[in-house]
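The following pair of complexes shares a single chain, chain A, combined with chain B in the former and chain C in the latter.
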Partner chain A sequence: MYRYDEFDAAFVADRLNQFSDQVQRRLSGELTEEQFRIHRLMNGVYLQLHAYMLRIAIPYGTLSPRQLRKLAHIARRYDKGFGHFTTRQNIQFNWPALKDIPEILGELASVEMHAIQTSGNCIRNVTADHFAGAAADEIEDPRPYAEILRQWSSIHPEFTYLPRKFKLALSGSPHDRAAIQVHDIGYQLVKNDKGETGFAVYVGGGLGRTPMVGHKIRDFLPTKDLLAYTQAIVRVYNLEGRRDNKYKARIKILVHEKGFEAMRAAVEAEFEADKSELLALPQSEVERISAYFAPPALPERAAQSQALETRRASDHAFAAFVDVNVSKHRQAGYGLLTISLKPIGGIPGDATAEQMELVAELAEKFGHDEIRVSHEQNLVLPHVALDDLPAVYDALAAQGLATANAGLISDIISCPGMDYCSLATARSIPVAQRISERFADGPRAKDIGGMKIKISGCINACGHHHVGHIGILGLERKGVETYQLTLGGSGDESCTLGDITGPGFSYEDVVDAIETVVDTYIGLRSTPDEDFLSAYRRVGMAPFKKALYERDSGSEI
Partner chain B sequence: MPLYKNGSFVQDQWTTIPEGEAMSPAGHVIVPLTWWQAERQAFDDSHVPIGVRIDPGIAIDDFIADLSRFALIALVIPKFQDGRAYSTARLLRERHGFKGELRAVGEVLIDQIQPMLRCGFDAFEITDPVTQAALETGRVPGVTHFYQPGVNEAPKAGARPWLRQAGR
Partner chain C sequence: MSQVISANRLSDGIVVFRASNGAWVEQLRDAEILPDSVAVKAALDLVELDIKANHVIEVAAFDVAVKGDHVEPVHLRDKIRAKGPTIHPGHGKQAAL
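After this line comes the complex of A and B, so read on.
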């Protein structure tokens, strides 16, 4: 993985000094809270319901064991013993004291981590496919480009006061696991007919209160133009994006109001006009940075693992774990292991310090020192030998980390909602917990098959509910929580926004409503292999609406 | 208005003419763009150094053809969170080769000075007393390592051609 050179280390140290100075000036009253706010946000410090929250970047979701151990240490020393992995490949600590934050940032700097631009109206932590560098279907590892974008966007003098936050995501595979089409800019690595690598570029996607799927603005952008083209998009946005209303300030609204063709013309004109070549990526530089991401030398192994098969034959729970949580690696004899942070009835994305340390240790022993954080709020060991899976499984099970539900109905994305967030209009974590308990990770969950449930506690959509196969949005009507359902959303390469079923459901009834949707799907699927999303796309809303509202569980809103 | 330029507070050689105020075209005045556009004939005949004030939202294309007429451009920052002028400044310097004074006016705060310098501003009208006090001590907070080229910054030797290092 990427290692800081002298320059990078000096940069982070610089930034830490700068922020410590700002904290000092705030404490002495030189900066007003409004003036300080923007600086604390740009260094990942949020004010939440109960306390400050510190959001730390895990660029493109890649972590070393040493870094994960440091996060465990921070959880234990400065927080209540756990951290929360988010949908944007960040980790949040919900209980740090403001006075400790410069010290925490110093600890992070010692392992080449920071909280820069995890918040604020700037270019945010750059995210990428969590299976990067290991997936069987990958064209090229997107992370070197993500790292280049991370560097270029850090404390960018021109783009630090954008109209609103700005999110970049990259995918290196045709199957999009990074939800790039709901980002401000999404980059998809592709090959052209000459066999050269470049990017298909999407612009103007986003969720929040006005969800939009991104438009493809370029079919093929040569990799050398990555920064120059990104600069052109962000510059057009910086100059033209709305600043009169923060709910209309994202680039998606500019694209929508200006019109996509006009937006494309403006971006292309800006890109053409920039003759400087200063941002052209030299091939040698791409190669130098790519070398940091070179795949580990994985010894050759048989495609079939005897150890795994023997254990599988005698242990149902292990068999289910392997079937559900292990994805195809590009090298025979290895697997990509998803470690679910969605224990049945637990809080999605939470991990204790002990759990983090265990995962760090497993990565060292069995995982070639690599850990990934997925936008689905899980951890991933990207290179595990199939032969080692029994040992890994036993160790995980001992720490409550062997839930066999990756990609199943109880692998729920949920925002913090009313439990932590001051903007929430409803609880979301407890709804996730109840759904998880209802369906669990047993044979029923497996029979239901691939299913993404996503829950947000207000229209800001941090839980990505619009792109959930089933989306749940918690609202408040006359002082009562009500939950709106959407069906058929998807954040992958076939990106679509879900359709609203109709009136919402009460906190009590929402889990029954989900069950109705699930049972309806089971009843109408053409074969057990037809997953929920495909079935919904085939039959549409009607049967689900009928099942939901021609019984008494729906309460009018 | 205290004017900060080249590392210290200096005497302002320019007079800013507020919107709507009448005056005869003379040298060293900063006038709103619309005012200049309406009176350009008079200015053309007089050949005096002239400055224009550009409100955010005015596209560069609206005045770029006349760039050579301006000795000074004042870009208005209505609120410090409004980042449009940063792009305008870079475009004026890098793309259009503007060599005159590029002045930031409006809500210019201490933490914005360094990014503004990097985008090509070279003069700052300071209204915020805290910012003024800080600048008087000669302290411009910021960082010294940059991941992007800035205006008038020489590249740092090394593999990434866009890296820059401040010589502080």
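After this line comes the complex of A and C, so read on.
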């Protein structure tokens, strides 16, 4: 994993000193809130409904056991014993006191972590596929490039005051697990005809109040041009992006208003004009950074594990866990284990200090010291020997972490919603909890199959609802919560935005409405293997609309 | 409609309400109920001093319904601020209620 060099360490230490000083000056009254706000936001400190919130970056979702233990310590010592993992591979603490935050940041710096680039109109924490470096279908690990982008963009003077926030995501596999097409720039590692590696580049994706799928601006960008091309895009945006209206300030709006072809021409012209060798990535530098991400030396193992098969034969719960939560590793005899942070009826993405410590311990004992945070608000142990799965499962089960629902209907993404967020128009977490209780992780959930439900508590779409197979958006109408449903969204390589079903549903009725959608799907799927998204793409909205709305008017459906 | 003034405490961000003696209290039941817009305006003018003295941030008045000696915020958002997250009965002010 990446280790800070002297520059990184000095930079984080400097920033910590500056911010400690700013907090002191704020507490003593020397700075007004107006003067202080920008500094606090540049260091990940928000004010939510009940208290401050501290957002900490987990670059490209990679954590060491030592770092996760530190997060557990912070949860226990400065918060209420838990943290919340988010869709942007960050962790948020919901109750820190402002006066403690410099100390917390000091603790984080000691394990090479910080809260920089988690807020403000800069290039934000760079996200990547949580299966990077381990997935069977991977072309190349995207994280070295994510790290190069992170280093280049950290407090880049030219790009510190962009028109609006700017989000980058990378995928190293053809199957996109990082939702790159709904980012300001998405990079997908691909191979060209000559067998060389490069990036397919998408620009202008985003969610929020005007959701857009990114346009493919390059089919193949040589990896050495990563920074020069990114600079060209961000430059065009920085110069031409709107600053008059914050709702129209994201690059997606520029691409939309300017037109994609004109945008492409402007980016290519900028790229040609400033194709200075200065920004070309030397292969030696890529190799130097890649060395930090070298895969652990995994001893060879038989493809089939006797220990696993024996346990599977006698233990249904274990069998279900392995079937659902273990994905194909590129090396025989190993698996990628998703640890679901979606216990049935629980709060999506929350983990207690004890749970974090357990996962850290399992990573040390069985996982070659690697932990990942997924944008789906789960944790991942990327390299677990199949032989070790029974022991890992038992340890997880003892801490309530063995829910067998990765990718199933109860593996729900939910933003904090009105239970914490000051921008919310409705609650989202309790809706997720009720759906989870209704469908759980048993035979019914398995029969429904792959299903991504995503919930946001307002139009900002932090819960990615537009790209949920079923999306739920919590709104307020005349002082009452109401939930709008969208169907058929997808955040993977076949990215689409969901279609709105029609009028919204009340807090009380929304779970029944989801059940109606699910039952309608079960009734019309062509085979039990046709998943919800495929079925929806085949039949469209009509049967769902009918089931949702005609029932109420007394028809016999 | 009756209103109460709330804010977040600067040092730790915790939600506080303004009491009739001008103090900032943590429980809504101890807050001053302001019967009309004139009273709200007068109280907000006094609060300016607390903002200048950097005791509180995000000051705002919100609607409450008063039944006997029970005060209840009208809007869900303010109910959640007065009690704590609905999903964590042990967190926020509801823990002490």
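We adopt the following convention: the second predicted complex is superposed on the first by the 543 of 557 C-alpha atoms of A that agree within 3 Å, B and C clash if a C-alpha of one lies under 4 Å from a C-alpha of the other, contacts with A are read in each partner's own complex, and residues count from 1 in each chain.
We adopt the following convention: a contact is a pair of C-beta atoms (placed from the backbone, for glycine too) under 8 Å apart; a residue touches a chain by one contact, two chains touch by 3 or more.
Just so it is clear, the structure is predicted and the values come from calculations on it, not from any experiment.
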item	value
Contacts of A:Val286 with chain B and chain C, given as first, second, both or neither	neither
Of chain C and chain B, partner touching more chain A residues	B
Touching partner for A:Arg235 - first (chain B), second (chain C), both, neither	first
Which superposed partner A:Glu158 touches (first chain B, second chain C, both, neither)	first
Chain B versus chain C as contact partner of A:Ala109, first or second or both or neither	neither
Chain C-contacting residues of chain A that also contact chain B	none
Contacting residues of chain C [partner chain A, same complex]	8, 10-15, 51, 53-54, 57-58, 74-77, 80-81, 84-88, 91-92
Residues of chain B defined as touching chain A within the complex	59, 80-84, 86-88, 90, 94-95, 109, 111, 114-116, 118-119, 130, 134, 141-150, 156, 158-163, 165
Residue ranges of chain A in contact with chain C within the complex	26-27, 29, 32-33, 47-52, 80, 95, 97-99, 347, 418-420, 424, 427, 429-430, 433, 479, 481
Touch list for chain A against partner chain B, complex	7, 10-11, 14-15, 18, 21-22, 30-31, 35, 38-39, 121, 151-163, 227, 235, 238-239, 243, 273-274, 276, 278-279, 282, 284-285, 288
